[in-house]
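Following are the structures in question.
You will see two complexes here that share chain A, one where it goes with chain B and one where it goes with chain C.
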Partner chain A sequence: MLPFGVIRENRIVLGEDVALWAMAPPWAVSVTLAAVVAGLAMGLVRSRQWLRFAGSLVGVGGIVLTLTIGARALLADAGELARVSPAIGFWLLLLALLLLMADALSAMRPGPGARFAILVGLLGAFGALLGSGALMDLSVMQEYAGRAASFWTAAQRHVALAIGSLAAAALVGFPLGILCHRRAKARGAVLPVLSLLQTIPSLAMFGLMIPILSWVGASVPGARAIGIAGIGFAPAFLALFLYSLLPVVSNTVAGLGTLPPATLEAATGMGMTTRQRLMRVELPLALPVILAAIRIVLVQNIGLAVIAGLIGGGGFGTFVFQGLNQTATDLILLGALPTVLMAIVAGVLMDICVDLTRRAPKGAAP
Partner chain B sequence: MRKGLILRGLLVALLVALVLRPELFTPLFAPFAPNGGPVIYQRTSLLSLSLSHLGLVAVASGLATVVAVSLAILVTRPAGAAFRPLSRTITNIGQTFPPVAVLALTVPVFGFGSGPTLVALFLYGLLPVFENAMTGFGTLPPRTMEAARGMGLTRWQQLWQVELPLAAPVILTGIRLSVVISLGTATIGSTVAAATLGEVIIAGLLTDNTAYVLQGGLIVGIFAVLLYDALVLVERALARRMGRVQQAA
Partner chain C sequence: MIEIDALTKVYGDTTAVDAVSLTVDTATITAVVGTSGSGKTTLLRMINRLVEPTSGSVRINGEPAGEMAPHLLRRRIGYAIQGHGLFPHHSVARNIGAVPRLLGWSRSDIRARVDELLTLFDMEPASFRDRFPHELSGGQQQRVGVARALASRPDLMLMDEPFGALDPIIRARAQDDLRQIQRKLGSTIMLVTHDMEEAIRLGDKVAVMDDGRLLQYAPPAEIVADPATDFVADLIGDTERPMRFLSLVPVSEIVEDGPADGTAIDSGASLRDALSASLWTDREALPVTRDGTVVGRVTLEAIRARAARAS
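Here is the complex of A and B:
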């Protein structure tokens, strides 16, 4: 059987694997086993999706129970600097249960409102678990406790990088996309340049922004005052912005290009000006395609923003790369886990938005 | 057509020169190197880095293709239809997990080196191939399929002789997306000591040497453009052949 937890004498050394039954007192282990078995068994009921969903919750509750009780019990007998973290057995069980949850949820086909409620509920439960302090004995949380302030600064920076660069790309990309849709010449000039930008590996893109921006910071008066410099936030922001531009522009063009000609003729026939037609007919109809692109860019940006940690741009990448340098697994987790969570939440939220816009025109149509 | 051929030839020549004789480009890169610093990366030969970079991408994309196409075949059969939502979920999650996070999370399991990079590229490459394979199998012309059944082909023969060849161009588009993304993403693997061209870029980042960054980025970029182009050509050739097959049927 795969180890469920790992105990280490301090944060750097190799740990000792702990099996599930050695992790916690027998009653807790039996409750966990019962919960996991019951949860997975409920997951096998193919016809009742809510039962499968409930099963995944029961299972997750079970493994978290042993983890929290076990961590406290193991630490009680160990030295001051000892640390306990979940091991491969825990992660695999968690992954299987979360897959079950995702599968049950997708089969239930909840509407956008229900999905939002479930997301908020799950995040709330997770937040309450973190807030209750039950997980404080785990090594990742000890790592967090040591740098809580810088963690939240990094989180803010990460969001600012990922969403800010996307907002900037949208501000530039929409008008550019509309222009490309109307003028074939502009399309021929803009799209190849943007595709070429996309072939630059992300790592190099971040690297190339450094000399460009340090030159700008040094030679344009006032640029330094607003924070434009070779390292830090500005180059990371610019790199993400350039990466986001192609999907936004090309999907705006694609979204506008697939509209039924009859609708456009009807709009013109009703006496709409070009501007009215764009704002009231074309953009609303193209919105689902455009939002789908924004979803991809947002998830991708949250992931790429990690690289900012390599050029001093802040964000969760700072922890990841510090952790890799010190071979401190807990620190790596402290950077990587929130990134994954953020990417998944962003993906779900954007899917809800796409669904909402898809539904609206259908309801309005006769 | 001729113009395109010349352009491609020039790009290939440029790439070969950049990889095999980088010292020829010293005057070009010199302005970007720090004063008195080295201009051309020499710690490892660019050829061996390029080969292991391409090797990693090939293995990861190959595995992703085999798994994604098999999965798509499985869930488009009547027996496997129940697993369709689950496999969608899995490939979607593979794409949502940021590759850098996958690298970081797999280092404790596989250690430093190329292992984590392979896993990250594999997971990231699954979705485009899977989605395209699903489209490919889902949009087969019903009349051709009926004809195949009518000819008395077994299920297995239908799959190998009719469905796969017809879906191949669409699947190949997915593979192309996956390969091009992997080429760029593989550079990140060098943050956990995988031997890729990212090593050159990271060396440049660490020593403030833009010449290195340009050199690494340029080579990866040209590889990406050429591979993209080559795969488009293969796709077109395949689609043309499939067109003929369809006409004959």
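Here is the complex of A and C:
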């Protein structure tokens, strides 16, 4: 049987595996086992998707119960620097249950409103769990407790990097995409360059920004005053911006390129100016494809922004690289877990937006 | 009135439209017919300047089209195309109201006009106004497309294969609708089609085009009776000619005194309909009525004589 938890004397030494039944008092272990078995059994009922969804919740509740109770019990008998973290057994069970949840949800095909409600519900439950302090005995949370202030600064910085670079890419990318749509020559020049940028490995891209922006910071008057330097926020922001451009531009071109020709001819033929046609007909019709690009870029940027930590750009990457340097797995997780969560939430929210724009023609008022 | 003078369009080495001159009189329909590649669509699109002419000129009600801003010119001319080109993200009401909105009509005027047009096309405003194009049948989409072209009460209309995507039964009905509405509103229409039958049925005058040139421009009866070239004759179709001719002549032209039995035919019906009725019911003569009263008869012999004289 795979270990369920790990206890270590301090944050760096190799830990000692703890099996499920040694983790917590027998009653808690039995409840957990019952919950997991019941949850997985409910997951087997293929015809009732809500039952499978409920099963995954029951199972997750079960394993979290033993983890929290077990962490407290184990720490009570150990030294002051001791830590408890979930081990492979916990993660595998969690993965299986989350897969079940995702599968049940996708089979239920909830509408945009329902999906938003489920997202808020799950986040609320998770937030309540964190807020209750039940997880405070886990090692990741102990890392958090020592860094609460810098954690939230990093979170803000991470959002600013991921969303700010996307906003800048959208601001530049939409006009560029429209230009590429209208002029084949521009398309031939712009898209290969952006594709080339996209192929630069992310570490190299962030590294390349250092000499370029150092030079800009040193030689352009005033550049240093607004924070442009070889390391820090500016190079990270610029690298993410460059990565975001290709999806935004190419999807704008693709979205505009697939519109029905008769509709466009009718728009021009009835006397719309080029601008009216763009704003009233072309962009609204291309919106679902363009939003799909924004979704890709947002999720990609949230992940890539981790690398900003390497060049002093801030964000959750700071914890990941500190953790790597100190071989402190818990610190790595403190950076990685919120990044993953943020990416998932952003992806779900954007999917809801895409669905809403696709649905608009059916429900909208005239 | 549309006056076209030596209008020419050259693309590289090919001349799509070669010095075409013709005049579409006010309150008439001109049907331009030709095979694909004949230049008929290019000719039409040069009138509202979707295509800029290489040389020649167009005058709309006396004003040179080349001197107006293209988008302002287009707002004055109704434009309906094959596959309707409706805006999929707008309701029926917004589609029909598109040009009035460009022209800055008030909200209430637009709404009243939309309802008026939907009623004109036999579509109950309350149930159709808020639907979206994908919720309509093909025939309804096409009617909304024509209604949109009519929305700002343009005195000119350009139509490019407006009925091309419809099945034959709905097409005949749509053609009748267009004829009626055109008479009621007194619109001037130039319509492009590849279908000689449609051209003869709808056109006050028919223009036959081939390879960029205008081969013949005449009333349908003259086109059928006296095709200018072999190509025009081919387009009419040899075996179809007598029938096409009969379909153009109303019964009233050969009505004569005398007895006849059975179901009567209206004096406004075509000789083709009369021939069909007499063959189907095996009668030598049919009673003819006008406004419900019998005014005489039409005989199979007279129809035959009329058809023979045409060829």
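Rule of thumb we're sticking to: the second predicted complex is superposed on the first by the 361 of 366 C-alpha atoms of A that agree within 3 Å, B and C clash if a C-alpha of one lies under 4 Å from a C-alpha of the other, contacts with A are read in each partner's own complex, and residues count from 1 in each chain.
Rule of thumb we're sticking to: contacts are C-beta pairs under 8 Å (C-beta built on N, C-alpha and C of every residue); 3 or more make two chains touch, one makes a residue touch a chain.
Note that the coordinates shown come from a computational prediction; the quantities given were computed from them, not determined experimentally.
Visitor: Considering only the touch criterion stated at the top, classify A:S150 as touching first (chain B), second (chain C), both, or neither.
Guide: After superposition on chain A, A:S150 lies in contact with neither partner.
Visitor: Is A:L285 in contact with chain B, with chain C, with both, or with neither (first, second, both, neither)?
Guide: In the superposition, A:L285 contacts chain C only.
Visitor: Name the chain, either chain B or chain C, that contacts more residues of chain A.
Guide: B
Visitor: Which of the two partners, first being chain B and second being chain C, lies in contact with A:L310: first, second, both, or neither?
Guide: Only chain B; A:L310 stays clear of chain C.
Visitor: Looking at the overlay, what does A:T199 touch: chain B (first), chain C (second), both, or neither?
Guide: The first partner, chain B, only.
Visitor: Of the two partner chains, chain B (first) and chain C (second), which one does A:A266 touch, if any: first, second, both, or neither?
Guide: In the superposed model, A:A266 contacts chain C only, not chain B.
Visitor: Considering only the touch criterion stated at the top, classify A:V299 as touching first (chain B), second (chain C), both, or neither.
Guide: So A:V299 only meets chain B here.
Visitor: Give me the intersection of chain A's contacts with chain B and its contacts with chain C, in residue numbers.
Guide: Overlap of chain B and chain C footprints on chain A: empty.
Visitor: Which residues of chain A touch chain C in their complex?
Guide: Per the touch definition, chain A meets chain C at residues 260, 262-273, 276, 281, 284-285, 360-362, 364-366.
Visitor: Show me the residue ranges of chain B that touch chain A in the complex, using the header's touch definition.
Guide: Residue positions touching the partner: 32, 82, 85-86, 88-90, 92-93, 95-101, 104-105, 107-109, 180, 183-185, 187-188, 190-192, 197-198, 201-202, 204-205, 208, 210, 213-214, 216-217, 220-221, 224-225, 228.
Visitor: Could you please specify the touching residues of chain A with respect to chain B in the complex?
Guide: The contact residues of chain A facing chain B are 46, 88, 99, 102-103, 106-107, 196, 199-208, 210-211, 299, 302-304, 306-307, 310-311, 317, 320-321, 323-324, 329, 332-333, 335-337, 339-340, 343-344, 347.
Visitor: Flag every residue of chain C that touches chain A in the complex, lowest number first.
Guide: Residue positions touching the partner: 48, 50, 71-76, 79, 81-94, 98-99, 102, 129-130, 132, 134, 145, 148-149, 158.
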